[in-house]
Amino acid sequence: MNGAARTRVSAALFRRPWLRAGLLLSGPTAWFVLIYLGALFLLFLSAFWSVDSFSGKIVHSWTLTNFETLFKVSAYRTIALRTIGIAAAVTVTDIVLAVPFAFFAARIASRRLQAALFVAVLIPLWSSYLVRVFAWRLILAKEGVLNWFLGQVGLGSVNIGYSNWAMWIVFSYIWLPFMILPVWAAIERVPESLIEASADLGARGWRSFRSVLLPLILPGILAGSIFTFSLTLGDFITPTLVGGAGSTFIGNVVYQEVGISNNVPFAAAFATVPLVIMGIYLLVARRLGAFEAL
Amino acid sequence: MRLAKIDWALAGVLGVMTIGVSACGSSSSSSSNLPTKIGNGEGQLNLVAWEGYAQPEWVKPFEKATGCQVHAKYAGSSDEMVTLMRQGGGSTYDMVSASGDASLRLISGGNVAAMNVNLVPEWKNFIPQLQSPGHNTVKGVHYGISLQWGPNTLLYNSKVVKPAPTSWEAIYSPKYKGAITVPANPIQIADAALYLSKTRPSLGITDPYELTEAQLGAAVSLLKQQRPLIKKYWTAAADEVELFKNGDAVIGAAWPLQANNLEADKVPVGELIPTQGATGWADTWMLAAHAKHPNCAYKWVNWVSTPKVQAEQAISFGETPANTKACAFMEQIKKGSCTKYHANAPSAYFQSIKFWKTPVKNCGNGKEDCTDYSVWQRKWTEITA
Amino acid sequence: MIGSGRWSRIAFAVWAALIMLFLFFPIVIIMLYAFNPSNVQSWPLSGLSTRWFSSTWHNTEVRQALWLSLRAGLLATGVAMLLGTMAAFAVDRFRFFGREAVSLVLVLPIALPGIITGMALNSFISFNSLTFSLLTIVIGHATFCIVTVYNNVLARLRRTQSSLVEASMDLGADGWQTFRYVTLPMIATALVAGGLLAFALSFDEIVVTTFTAGAQNTLPIWIFAHIRNGQQLPQVNVVVLFVILVSLLPVALAQRLTRDTGVLRSGRGAPAPGPARATAAPAIGAGAAP
């Protein structure tokens, strides 16, 4: 293309914003609709099908059997409630851990320390998730590191390896950076003057935090919670590695149904549980401004 | 028209996950187009194997001798093996070391091809029961070459568990509550059934893989009682090794591999086949219907069938070789190992093991009143939830 | 105000120190067990051995897995940078139907449990009868990486004025020149920061990858296989130790980039959205890490 033609094309594009918008959007849209959304839709359509137990082939007639099984068999309720419960507990734990840390990092630490803390929070994200989970097995094992330290200081021992307690600790550990970063950013964004003003007006410590800082950083907390909650909700590797008997997650069942039993319709039906929960969660979070803080 | 199209699309979408993609049908399994000689290797071989079945000890020399680079993917259960072999239309992996509860599923799904046993000279030296066993030979057509076999054993920490257990009861009683581990595998129901067949004869269980609704119910309720006693359902042999090593488990159902690894790590363990007998496995190297590297695959089965490699694998894993000539090599590697791993045991020992097979509706008595494997899987999820 | 008293400052500092301990204790354990003489991990170490370093170095599987992960990460990052930037420009510069939904849709592959994203991608791949290969891994990774680039670039665009572009066009520059000399320099650091995150994400991903990879192993898949079968466990630690050391480079780069653009509180009382967003970006980025 010669220079003149190029200018002509640019000018044409510049005069027709819809054309530019269309061109810009075509790539991402095509990618998402074709590769992801279409497949996602078809996948969930299959939740209303069933698998012929004899041939193992999918029967394409509408049925609610999968959902009936989910409701009737108490085991699936137990699994769903356990998954949601632990995801919620992990989210709350991470908020409690992250907020004071982020406050320190954003408001108290020196510039140099801030930079160091930033790198320190990022490093775990670059080191293998699997191996960090695996390291916890050794820490929490009966004759593991934790009990060894407790024994050294004469505190006896705890028996929490391979249990839901272990999962709670490990999930909180793994997803903590995802909470710290948006909360840190949110605290940084709060104008100093606002907090000073609240102090001037006589608000102290807790009160100032609750009524001034908290509402301002809520979008950041929500943004972090999307990840801590969703990532826990959909995991199946951590339960396999550090969970015990009775640590089955929705993800484990879905993975087994797809990867081991070949029952895609049932897997899709069970997967609607986290899908619906996250759908609602995302809509609420967006309304509360979490997406601006992502 | 529109409906039909959508339907076709949906079928396609789910194709890979669906059992037995019909295109992989039985055309390749007719014996007429069996290879008559082994050509040059393709330079690569992708295996789905049990842990410990592709040890550098015999893989490295194989690679050197044939130029076939081995990529092994370890699977933790028969179900996982079946799924892996169906992945990507069945052309991702060349061979699988299938146990008896996977082999027939793979054959009926059209996922594996017939093999020419005449291209594996050592096959003639196999124990008679493993030359053409029902789990890999259908109507005289061989779908693979037998490999090794062995029992699922009771493993215990000999320092903690005293006196040494003699019965499977040890993993169902609260004595070692919170320190018991068993495999995370629906086929574990058969172990409970085997135990019940001896301890509650009134149930009338004759074969632990052929259970009526009532018999399955009894096994399931036994396993549900066992569930609070369990520390962890292990998904890989290494899981169990770590559980024993770090004191989290002191007794459990195991493969001999775990005992070997723990002994090597100086953990005091004992291992036995309890009085009620044991379930077990008889494994077969099977060739994928759409294998991309069939020549390397034939070279591989020949390699692992030689007495020396058979002996190495038997000792490394703690199982019994199919090749009767392996005994002498086992004695060379480790004195007494031939007897320890039953390589010279009478055929009655082989008969005493209840080898894994896939539960089906038809119990062989003409009636269709048994519970099939999909029911077992569902029940297993309920037990372990 | 909060944290102004001496004691409360000390309390915050102690808390931060404890969090650091929590974050790094397992990583220290990982590094320590690269020297474990035994295959099985147990505490305390029975000795120290460096034999795994040479065996890892000579392990061709590790090299292949590392190489595959690098290629997949780079390609996926490339695709994500292209598509993410396009989407960010469209959303920032134009009003169109469904604009509000773009962020929501782009974040879905990360915000939905990985297992769902994996299943959907798996359906797509088999529907099109693609062979499971590097290509399918890249397709999967790019899908959930787009949002990291999109977020970073969009944040930057919101802080810059479109009048610059108009001025450039007025001065006779064509679209390409304007992009090359005005727009690109404007978004360059945001693009690189987003790209780094996309790469980090892709490099450590396993859940989606199990549904999109064939017989070849990416590094996380190799790690998972070895954690499970425990044959050469310390090799896994050696590899991770190596990855951590190498990753210090991009992490430091990310820190620099975000600082240059004001991530870490550049000016007092300058609560530009830029800093905040740039710091927050890693959250989204690493979101799909499992």
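Order as written gives the chain letters A, B and C; numbering starts at 1 within each chain.
The rule we apply is simple: a contact is a pair of C-beta atoms (placed from the backbone, for glycine too) under 8 Å apart; a residue touches a chain by one contact, two chains touch by 3 or more.
Since the model is a prediction, treat every value here as computed from it, not as a measurement.
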item	value
Shared interface partners, meaning chains that touch chain A and chain B	C
By number of C-beta contact pairs, the top two chains	A-C
Inter-chain centre distance, chain A versus chain B - centres from mean C-alpha coordinates, in Å	37
Whole-Å separation of chain centres (CA-atom averages), chain B against chain C	39
Rounded Å distance between chain A and chain C, as computed from the means of their C-alpha atoms	14
Touching two or more other chains - residues of chain A	39, 42-43, 137-138, 141, 143-144, 258-259, 264
Chain B residues counted as touching two or more neighbouring chains	9, 13-14, 17, 235, 242, 246
Where chain C touches two or more other chains at once, by residue number	41-43, 122-124, 127, 227
Contact set on chain A toward chain B in their complex	39, 42-43, 45-46, 51, 53, 55-58, 60, 73, 75-76, 78-79, 137-138, 141-144, 159, 161-162, 240, 243-246, 248, 253, 256, 258-264
Residues on chain C engaged by chain A in the complex (per definition of touch)	1-4, 8-9, 12-13, 15-16, 19-20, 22-27, 29-30, 33, 41-44, 82-84, 86-87, 89-90, 93-94, 96, 103-117, 119-124, 127, 139, 142-143, 146, 151, 169, 172, 174-176, 178, 200, 203-204, 206-207, 210, 219-220, 223-224, 227, 236-237, 240, 243-244, 247-248, 250-252, 254-255, 258-259, 263-265, 268-269, 271, 273, 275-287, 289-290
Chain B - residues contacting chain A, complex	7, 9-11, 13-14, 17-20, 77, 79-80, 83, 86, 109, 178, 227-228, 230-233, 235, 242-243, 246-248, 372, 374, 377, 381-382, 384-385
Chain C-facing residues of chain A, complex	3, 6-7, 9-11, 13-14, 17-18, 20-21, 24-25, 27-28, 31-32, 34-40, 42-43, 97, 100-101, 103-109, 111, 114-115, 117-132, 134-139, 141, 143-145, 148, 173-174, 176-182, 184-186, 188-193, 195-196, 198-199, 205, 208-209, 213, 220, 223-224, 226-227, 230-231, 233-238, 241, 250-251, 254-255, 258-259, 264, 267-268, 271, 274-275, 278, 282, 286, 291-294
Footprint of chain B on chain C - complex, ascending	38-43, 61, 122-127, 129, 131-132, 214-217, 225, 227-231, 233
